[in-house]
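Two complexes follow with chain A in common, the first pairing it with chain B and the second with chain C.
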Partner chain A sequence: MEKRVVFRSAWLPYALVAPQLAITIVFFFWPAFQAAWFSFQLQDAFGLKTEFVGLRNFAELFNDPHYLKSFKITALFSVLVAVIGIAVSLLLATMADRVLRGALAYKTLLIWPYAVAPAVAAVLWAFLFAPSVGIITFALKQIGVEWNYVLQGDQAMALVVIASVWKQISYNFLFFLAWLQSVPKSLIEAAAIDGAGPMRRFWTVVFPLLAPTTFFLLVVNMVYAFFETFGVIDATTQGGPAGATQILVYKVYHDGFKSQDLGGSSAQSVVLMIIVIALTVIQFRFVERKVHY
Partner chain B sequence: MAAVSLKDVRKSYTSDLQVIHGVSMEIKDGEFIVILGPSGCGKSTLLRMVAGLETITGGEIVIGGRVVNNLEPKDRDIAMVFQNYALYPHMSVYDNMAYGLRIRGLAKVEIDTRVQKAAEILELKKFLGRKPREMSGGQRQRVAMGRAIVREPQVFLFDEPLSNLDAKLRVQMRGELQALHRRLGTTSLFVTHDQVEAMTLAQRMIVMNAGRAEQIGAPLEVYARPATTFVAGFIGSPPMNLIPKEGRLLGIRPEHLEPCAESEAMLTVAVDLIEPLGADTIVYGHITGDPDGKPDGDGSSARVAARLPANAVAQAGKLALRYDPANVHWYDPQSGKRIEQ
Partner chain C sequence: MVENRPWLTFFSHAVLIAGVVAVAFPLYITFVASTLTLEDIVKVPMPLVPGPHFWENYSQVLTAGSERGAAAPVGRMMFNSLVMALVIAFGKIAISIIASFAIVYFRFPLRNFFFWMIFITLMLPVEVRIIPTFKVASDLGILNSYVGLTLPLIASATATFLFRQFFMTVPDELAEAARVDGASPMRFFVDVLLPLSKTSIAALFVIQFIYGWNQYLWPLLITTDESMYTAVIGIKRMITGGDALTEWHLVMATAILALLPPALVVVLMQKWFVKGLVETEK
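Moving on to the complex of A and B:
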């Protein structure tokens, strides 16, 4: 039997959730609603007149080569961040799983990068990779790589990917490590007796058990790359050079605040909203189901 | 199939934690050996050393004439059944059994033949497509056994494979294991802490205590002539009574005590617990007076159990008992060793 706490009074439960509801409404629903509303409107250059234009903002958006380019960049960026982030943290977690079974202090240290604000993480990496004075720039020069992310589009992309991945690795790592440590030891021993070497054991026995976690992290990392890397980009490349790192979220900000195109920017954020909703649905649909046990 | 020999096998987990103190045994080809002992005595450790899952600190393990000390588990040609079955949860029953064969590169047809045959023997045919989580404990147990059988190894290793099953299923699986061994004749090492399992399955058993082999022998032989007080007190339910007498320990099994007239009493017991089991009745109590007849001798107050026929009237109070001196065992109280008459 399910046990439930029952409130006698009718209004108390509502009073208790009211502050949270108020915050959600004021800071989330209201702006979302406003954005949706603005996305159907067009403002003149001086912001004096507003006109209802239906879906025209969206039509323009998808005919705008800059927007489509930003879409591609975002796709590339998020795939890189998610895949590299997951691969690196899985590798680290596997190595850590061998040495430490349960060393808590170590795990606590490992989560630290996650607690660092994106902008701070980005500044850190920007320093290391700074065009003329960065340590890594210097090292790269020694091995003959001409590094200047301010001018080179792919280098700028590499930098924001590294900074974003670095911040996310510890989060992924903890999930993987927790799962690895929950894989029964006897399962791996059984596979060893069955004749599987370490690599084969990992790919045929351990990894399938991690698959649901990996998928979950894939979605989480995509969402992270889409929406939470604003700080990283703003602190390093600001979308440049020539829009090479202008992901969708950054473009919303850029068009809305810098170019003052409120209608277009709102339409973009509505598109983003739809993407995040889709990702969330995928996550709930599949992650919950694809558990093996 | 192969003979296995353990030569003074030792194991230390750390420099100051030795858990196996030199176990030696020659296991004949096709023999079913049970390793019996209380929890923590090192049974699993010993088995896992044979499997290659634990390093061998000292001594030698030989399987089929090969010293396997430095061989990987996969090169020892053994198969193991784990207590928690350790089935691959994401694979079907078929794939669980086929996994090891695929790794060894057997032909598809050969794999299929072996899996089908094992499924036939273990009555798993209709479950081949299922995942382990869709099966009951007993069925999973069979799959784990199947996974071992298809490999056709030289030696089977079992680590308490029946302990997660309910009592009835355990009896049934015990029977199936025996039948399986008769059919395949593969050398088997079976770890358990359940003496009934040990008595019924073993051709020979090795009784362990705190990392040492206390006795090695056929079950009835071990029962009839326990080599140490530990074995005497571990095997039999209730176990052998050990009564201090004349500076030694007198051992007498509960079923060898019989009620008698007070004048013939060799032991007098103040009964404080009666367990009627239907077929017979077990009474427990303390010895009053001394078995030698001297008051307050060294034997008084020793605890004694007696297995009486169901028709014997058991009641609280004094109970006079006697025994046939031929059924008496003697032990040295210091070393715990058996004293031969």
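Moving on to the complex of A and C:
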């Protein structure tokens, strides 16, 4: 798509894009290029000399059981966050689309967690589940469940999943609600006249119409779980216990900043970049398709 | 509503109320904890109704901070968060709107190349280039400064896209008329395009304000000076490790303070927020 009417100036357009481009180059392209460059190098323990080692950092990475474990944990974490978040939001949005009374109030009361920073959301839930003072910990103890996420890996995972889903529900909810409201009423009425009950109508008429958009949300939620949940992990479990919640992004930070392993951390950055690029391409192909309908 | 099914309506309300309660529960408990003393909280289970220490706890964190963890006053941190959120929101909008204006309303060599460069930044979140970006900031000497907190986060592919999409829908006749009347491009931009873009600007502002306020990884990396902490970082620094040692009543008061401004923005500017959210993802 192009504009038919344009202005002419030899210098003005360059001046207008310059600020955006300058920041992009200094803070995005240059660091990304450096990450790629460092990933082919090995630095000695004192940071005095560096040596070009080709793909050795990558080979070490994929032979490192800790890294492979972190990969598996990230996969599990992002699938749990995306699937639970989408299922709960779809249920709530379907119900909110049905009710006439109080629809706006429900909406307002469900969207505010979007504004809560992931790290703050994590602290809220970590307090409820705190091993000694947590109120949910206390309730669980009453029914015979010993809860201590500081020691139990699967409980730590449950905590970060709950906090991440809680924050993301409002986002998914708004998208589902917008789409549900755009489903033509005539389709639903036609199905109702043909004798289909509410459940049948949902699964045979509404859900197929939502399926492509659900896929879009799935990708967005995966990206969220991969990258934006850093704050959730750092504020609560810090990757522990014993690496049970160490997602890839947290490992890049940990290896680069805490362990000062520049080459290894940079190689991990490059792997992550490839993952984001893949996810973004999938997302945009989908958007393109939607536009051409 | 296609048909009247009282039981289903009842069920819908029940599910929604359960959802609202589940979503609000952590916030309520956080608020209650922020009005108690530490002794009340460690006496498990803690009371479920607010206590009388609201002013005490809030004024302590706002002016003095916690005792064991980070000692910086939260008032200062909130000011830092506010600066960060406002500069990022306005900065992103400003540099993106002029860049899209250039890309849509001018033909010049490298136009498409520039557009793709901006597009690719979508695929390079801070999280994947942590260390080199930190190095750049440290080489430029902007650690522990407002410039360092905001400038690296100001480039925005989503805002540039949104304005580009919007400018495409602006009728060509307007630009034509401006040209016939002899208006300069900047004159057209200021007098015609900016007023037309008000809605998009408001919607983007809400989204970017929340984005800026809630930043975590970047401020964590570049602020080592307590007076430069943002509210979100401050909370993390107050949790001293080991939940028996944490001053939960103060942490919870800080959490309420840290989430209130963006939550208010979402609730009060709900219309713009929904519009911004749905449109920036297109």
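FYI, the second predicted complex is superposed on the first by the 271 of 293 C-alpha atoms of A that agree within 3 Å, B and C clash if a C-alpha of one lies under 4 Å from a C-alpha of the other, contacts with A are read in each partner's own complex, and residues count from 1 in each chain.
We take it that a residue touches a chain if its C-beta (ideal position, glycine included) is under 8 Å from a C-beta of that chain, and two chains touch if they have at least 3 such contacts.
Since the model is a prediction, treat every value here as computed from it, not as a measurement.
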item	value
First (chain B), second (chain C), both or neither touched by A:Tyr149	neither
Which superposed partner A:Val205 touches (first chain B, second chain C, both, neither)	first
First, second, both or neither for A:Phe58, with chain B first and chain C second	neither
First (chain B), second (chain C), both or neither touched by A:Gly195	first
Touched partner set for A:Ser269, first chain B, second chain C, both or neither	second
Partner chain in contact with A:Gly256 - chain B first, chain C second, else both or neither	second
Residues of chain A touched, compared between chain B and chain C (which is higher)	C
Chain B versus chain C as contact partner of A:Leu187, first or second or both or neither	first
Contact residues of chain A, present in both the chain B and the chain C interface	189, 192
In the complex with chain C, residue positions of chain A that touch it	1, 3-9, 12-14, 16-17, 19-21, 23-32, 34-35, 38, 88, 91-92, 95-96, 98-100, 102, 106-121, 123-125, 127-128, 130-135, 138-139, 150, 166, 169-171, 174-175, 178, 185, 188-189, 192, 198, 220, 227, 230-231, 234-235, 249, 252-253, 256-257, 262, 265-266, 269, 272-273, 276-277, 280, 287
Residues on chain B engaged by chain A in the complex (per definition of touch)	51-53, 72-74, 78-80, 82-84, 86-90, 99-100, 103-104, 131, 133, 147, 151
Complex interface listing, chain C residues touching chain A	1-3, 5, 8-9, 11-13, 15-16, 19-20, 23-27, 29-30, 33, 41-42, 44-46, 48, 95-96, 98-99, 101-108, 111, 114, 117-118, 120-125, 127-133, 135-136, 151-152, 154-156, 160, 167-168, 172, 175-176, 179, 185-186, 188, 210, 213-217, 220-221, 232, 235-236, 239, 243-244, 248, 251-252, 255, 258-259, 262-263, 265-267, 270, 273-274, 277-278, 281-282
In the complex, chain A residues that touch chain B	184, 186-187, 189-196, 200, 204-205, 208-209, 211, 292-293
